[in-house]
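Next, two complexes with subunit A in common: one pairs it with subunit B, the other with subunit C.
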Partner chain A sequence: MAQQDLVTLTIEGVEVSVPKGTMIIEAAKQAGIIIPHYCYHPGLPIAGVCRMCLVEVEGAPKLAIACATDVADGLIVNVFNDDALAARRSVLEFLLINHPLDCPICDQAGECELQDYVFQEGRSGTRYEDYAKRFSPVEDFGGDVLYVPNRCILCTRCVRFMDDVAQEDVLNVSERGDRAFIGIHPDKDLGHEWAGNVVDLCPVGSLISKDFLHKARVWELDKTPSVCTGCSQGCNINVDTRENVVVRLRPRVNLEVNRYFMCDTGRLHYRWMNRGDRIEAPLVSQGGDLTATDWDHALAEAAQLVRGSGGRAIALVSANASNEALFLTKQLLADLEVTAAFRVPRVEGEVPLVGVPGLALREERAANAAGAEALGYKEDFDGALRAANGASLVVVVDDDLNGVSEEQLSGAANLIYLGTLLPDVARRASVVLPIANVVEEDGTLTNRDRRVQRYLQAKAAPGMARPAWWVLSELVRELGRGEVCASAAEVFAALADAEEPFHGMSYDNLGFAGRAMAAAGMSV
Partner chain B sequence: MGYPHKPHEKETVVLSEYFGDAEARSYDGWTKRGGYKALKTVLEMGPSDVIEIVKASGLRGRGGAGFPTGLKWSFMPKEKSKPHYLCCNADESEPGTFKDREIMRWTPHALIEGCAIAQYAIQAEITYIYIRGEFTGPLRVMQSALDEAYERGALGPDAMGSGKRLDMYIHRAAGAYICGEETAMMNSIEGRRGNPRIKPPFPAAAGVFGMPTTINNVETLAAVPHIINRGPEWYKSLCLGNERSVGTKLFSVCGHVQRPGNYEVTMGFPLGELIDDMCGGVPSGRTLKACIPGGSSVPILNKEETESCILDYEGCVEKGTMLGSGGVIVFDDSADMVYQVMRLARFYAHESCGQCTQCREGTAWTVRIMERILAGQGEMKDLDLLLDLSHQMTGTTICVLSDSCAAPVESGIKKFRDEFEAYIVGSREPIMAAAG
Partner chain C sequence: MAITVKTMKRPDHEVSYLRAALKGMALTFSHLMRPSVTMQYPEQKSTDTWEISPRWRGTHRMLTDEQGRSKCVACGLCPQVCPANCIKLVPGEDEEGNRYPLIYEIDEFRCVFCGYCQEVCPEEAIHVGVHYENAEYSRDRFVYDLERLCAQTHAVSTLWDPADPKGQ
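Moving on to the complex of A and B:
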């Protein structure tokens, strides 16, 4: 903040002020300019080897690499003058002499930095005529990663990620000169929990995902900002869908949470989002059988059950349910004596990304336990289940009832089940309300550091399934306990109003980076 | 002296006085010849006084760049907050250069003494002498001299009885040319891949193991004891007119001369005289065609330029080339300059570390074009392409290996274009098979 720590320079005629020690390539972003680059990545140590970010610094004897040149007061930087453009055009030509033009079958095409910059500033043709290109066969690097050496431009991002961020020396540059390639340790592979990030880091199609191999052309994908539900870390992600099918998850930058990375467990845990065996219509019990019906009927039935209940009610909620759904469930049962609980699947042993403090695949494999706690739910699923015996009403929100027996629920007078799939024990419910999964709705989750983060709808829910917040808000309205909410944002506004830890928050001010709750211990 | 030949009367013999004198290799032999006197003197002085003497002598780096040695030493932090290191660059690998090899083979104690003085001046705890992997003979000589220097107390915890500690290690390189680049050498010493580092930080701020480091060439360091013994004014007086280039310099002459070898002359000596008088000129019946005066990395001179070139830093620059390491490669009229340039380019393509794009791809591409021309399949536009590639390979990478490949190509095409064109138009028979 202090004025003396800022330096002012001019980049392409735009004056920018940046902290001392900033590199020109970062300062240029403030001037709205992305200086073309390959080896540079803000999450990795500087290598300065691709020589793509050459720019002119007035007064310097030769072109400078923007990624490793400090800003200084009064510096005048020209990115697009003739010399700099010629140098970068030359780098592109050099990179292409051994790079196959197999873009039509390359998964990276469409999000390839080599394609992009050649299109932006490269030559239309090559002068490398009549010579064979370097050839080496594709290699399986283990984990989710294939190495296509022919496409490699030796930017070394993958090597630096494994050395300096994952801190497991698995990759190196082997050989030298134009024989150089990315080598892998003879006795190790990229099975490291965080190794899949090298695929994202690779600026070309040299390191590619086996899981995504030939699955889609990336320009056909819709990208939706979301939050990973694999554990309590709350890594920010993009959900990539094609024709309403999730085809991959990729990390989305959030310097406070996951920086540029996500783990392989989270990355590859998406197939459940596309399951076909979903509940597609509201169901009500008629003579012991569940029968499909419309929303009006089902909601009226459910509301009737709530209205008719007295005494004890049990809420069994998923620790992946949104803050919005958990808030409305509380409202729904406000007149009853409620035991509200959730459970968190645990896998022993955190898997940290060593080079990024505070980032790990967590033992708690649920995304919103902190939110549930902040809203007054207890992590005592078994206790709540025991209390179900003799309760007037059990409401299940998105818990899969895995491991719950029919007997454990049979002691309750009524069961309302909100879920995506219909487990056998839920077949004894009076009303089954089909809800959207996390990629089919808007909502917020609270990570282990009590950071509230938004996720957006990436695909349509199947059939008549609706977001849990919609279902619950309709029920609350039916009971006359609140206004109908037209959007998740409105639910969240009500939540922020009513619940101390969320005070002052709104979808607008959460933005895409989220906000941490003011202080711990104000609720629960 | 022009070892293995008799010294020539025009030589100024300082460093090479005992070349060929096996007795000078031993500690006793060396002290009998005045060795280790300078170190004893220095250890009684303050480190900064030593730097001032070297500054005053006008000594400049003999590895190629010609940076003033005393000034380089003065860049080391005065107030020590971290360990300091001295690295002696004995990774002499520049094609055409073999002067450091002779210094190490014949006068190992001269180098050790020079290292010890420099080490004391920059207040370094440790000196690493980084010796080229292929130099097995010089390595043996150096190692036994170093062992002897420790045994006799010239080095170690009580160097020369001064109560001051000086430690020195020999690091044997593995044979990569690029490790002679000072920052690649630092990586190599640390056990990393020998890739040059981006500067800044400069070695004096963060060098080997991230600590303040000075790197000097063998010949530079070997000259230091003489400067201490005889005084900076004496060294400065070794001058043939240009006061910015003083002292003596070893030139390794090879190629088409009658008496190839190392010759020590005063800075400013004419290149023509070196070739004709000392080396006996080109073989009889031949005429001089070209010369590379400073090791394979510098631009080629044609006959006229060679005959009028003055061998000092400025004199070479005046002719559009560089003094470099002093590796003089002479070509007579039997030399095929296209082939020679291709061989040089092939060397650089083979030795490129491969981290910078222009160098990795450019050196290899250059070789392919050169080979194609030599196979009779070149086109006129290839020459412009070579010049354009060379232009883009100059001044755009981390180190100068890429520039070193470009220099002979550019100067070769500019000065011997007719030879290139002869292959292209078919008036000269192809000498290489066409690439598959």
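Moving on to the complex of A and C:
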């Protein structure tokens, strides 16, 4: 930003310089002050209907709404002086005339902005004791959304999201005055792929998720930054777990990728993470039967197989496996003539979020196809499967072998299977090594725009299952081809050294927003 | 070395045990004349001068509404506030769409009877009871489920009120 475009103003005694055209509410964030607000959301057009962000601008005749007031040079803004506080206290009092006090049974309780602001600066009691609150029954808005009209504070975030971001006119504000409510188009519902975002946008518990209904109280949840594996878009998410069970996925802000949103397919793409039928111990084939054993034995067996193999080897990897796992698989088979392939499940029809260019539910339903490609894997699963006939070794990493028949693998001398579940085809493997799934390990994924993004461990892996990078780095060490890696960060450091597209990247400089491959190496 | 025996020279009134014994008996008999302070527990549970405190925090009781259903809405505040982590709660939804506890269990062995659950309950559903007779034949009977908590009939604790510290 050029210098002349900056204006300097004072907010609560803190001087900040922001670009011209910024609203006071955004400038205040830079001063470290969150001005209470309901209708304002950085991802939506400004409405200025809730009147919650009233602040005093010195010299102005009356209080101004911070979300729709441009900054100007020399402006002095008071957020917490008596006038502004009194005005906001009154706004909260008006909202609470009709808002029910059903926080104990409301799913939003704990992350409710009405709760927060009333606690922060609201009145302690009501002056409307004898007033019967308005009552309307709960309405099913379709999709994953329930509407509880009693709790609605008419901030219209949901209406603006559907109109301006999803660009499907489904919701409106019906009626007027104190009878107003959020109305839905008589012939449409919130079945839109991106409609689930209205639940996140709703500052109160008026729009709630049917999937999450009564499942947990939000203060019991542990939140872990992660990346959605639903498609190749790579939306940033938070994985919410409760007692080692994933209970919901929510979007995490990344202005470069998904902004504030995620699709419903991704949102509900978590049940498989909690599956109970996992492989829990390393298995070694003994006389045709797989027998549970310990890691030392299983790793020694697997290393022996790799060492004893000569000639052609096949690597069949999942396009959801982390960059780290893919890199180490390559290293493991470095001495052999390798055909390395992955496959990407495809679902016809991309579903874009119209208001956010570059954001869509993609046809390629795999999270790391670009990473696999950058690491030299080919999207030629069937070709690799044909080549398996007569190969000395087949290594499968995290692929579920869905649709692969026993005959296709029977031509290979040996099979090492790294996976979370044990499909029947994999039972003929010599060694089966249980690995963690995406929420049980640290790692990185590369999205379709070649952006490398980190994800963190959100829950513990079942039984003896270990992250794929750990298993593979132990194998690589067993073969004497590399140092032992103590963490995913060390694997990634080795990967960044060895692979050109990843040069200059590290867990530290990826941060939580990730970096695009092309841009890497320039600033380091 | 010759053994020397030291002979105590006591005053006459200390030479015999008789005087001390009679004195002791006199005290014993005098108690027969005084008012009794022994409470005949378990036949008797209170006396004119002693009563269990209304602020006593004993085993729990769940209050019910007019239809006999528990007042609990499964908000999850009591398991959250419980310092002993003795409350297990699984919320569910009934036919009318109301939130209610599918499972509500209190492990009375783990409970430290702090009364926080009663204090935090927004529905005035769970209470600690003015109750102390909890003997059972097996340990597992000390995990009280919802049905048992609702079936309790003893008085509930009034807890300590900071605005009225002496309970007047």
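Observations on the model:
Here is the rule we use: the second predicted complex is superposed on the first by the 518 of 524 C-alpha atoms of A that agree within 3 Å, B and C clash if a C-alpha of one lies under 4 Å from a C-alpha of the other, contacts with A are read in each partner's own complex, and residues count from 1 in each chain.
We adopt the following convention: contacts are C-beta pairs under 8 Å (C-beta built on N, C-alpha and C of every residue); 3 or more make two chains touch, one makes a residue touch a chain.
Fair warning: this is a prediction, and the values are worked out from it, not measured in the lab.
By the touch criterion defined above, A:Val49 reaches subunit B but does not reach subunit C. By the touch criterion defined above, A:Asn437 lies against neither subunit B nor subunit C after alignment on the C-alpha atoms of chain A.
Of the two partner chains placed by the overlay, neither subunit B nor subunit C lies in contact with A:Ser206. More residues of subunit A lie in contact with B than with the other chain of the pair subunit B and subunit C. In the superposed model, A:Pro104 makes contact with subunit C only, not with subunit B. Look at A:Ala87: by the touch rule set out above, it reaches subunit B but stays clear of subunit C. The touching residues of subunit A, when paired with subunit C in their complex, are 103-105, 109, 138, 213-215, 217, 219-220.
Across the interface of their complex, subunit B is touched by residues 46-52, 54, 61-63, 65, 68, 86-87, 90-91, 94-95, 97-98, 127-128, 130-132, 153-154, 156, 172-173, 175-180 of subunit A. Remark: subunit C residues 73-77, 80, 91-93, 97-99, 122-123 touch subunit A in the complex.
Chain contact summary for the complex, subunit B toward subunit A: residues 176, 178, 193, 198, 349-358, 360-365, 368, 372, 385, 389, 392, 395-398, 435-436.
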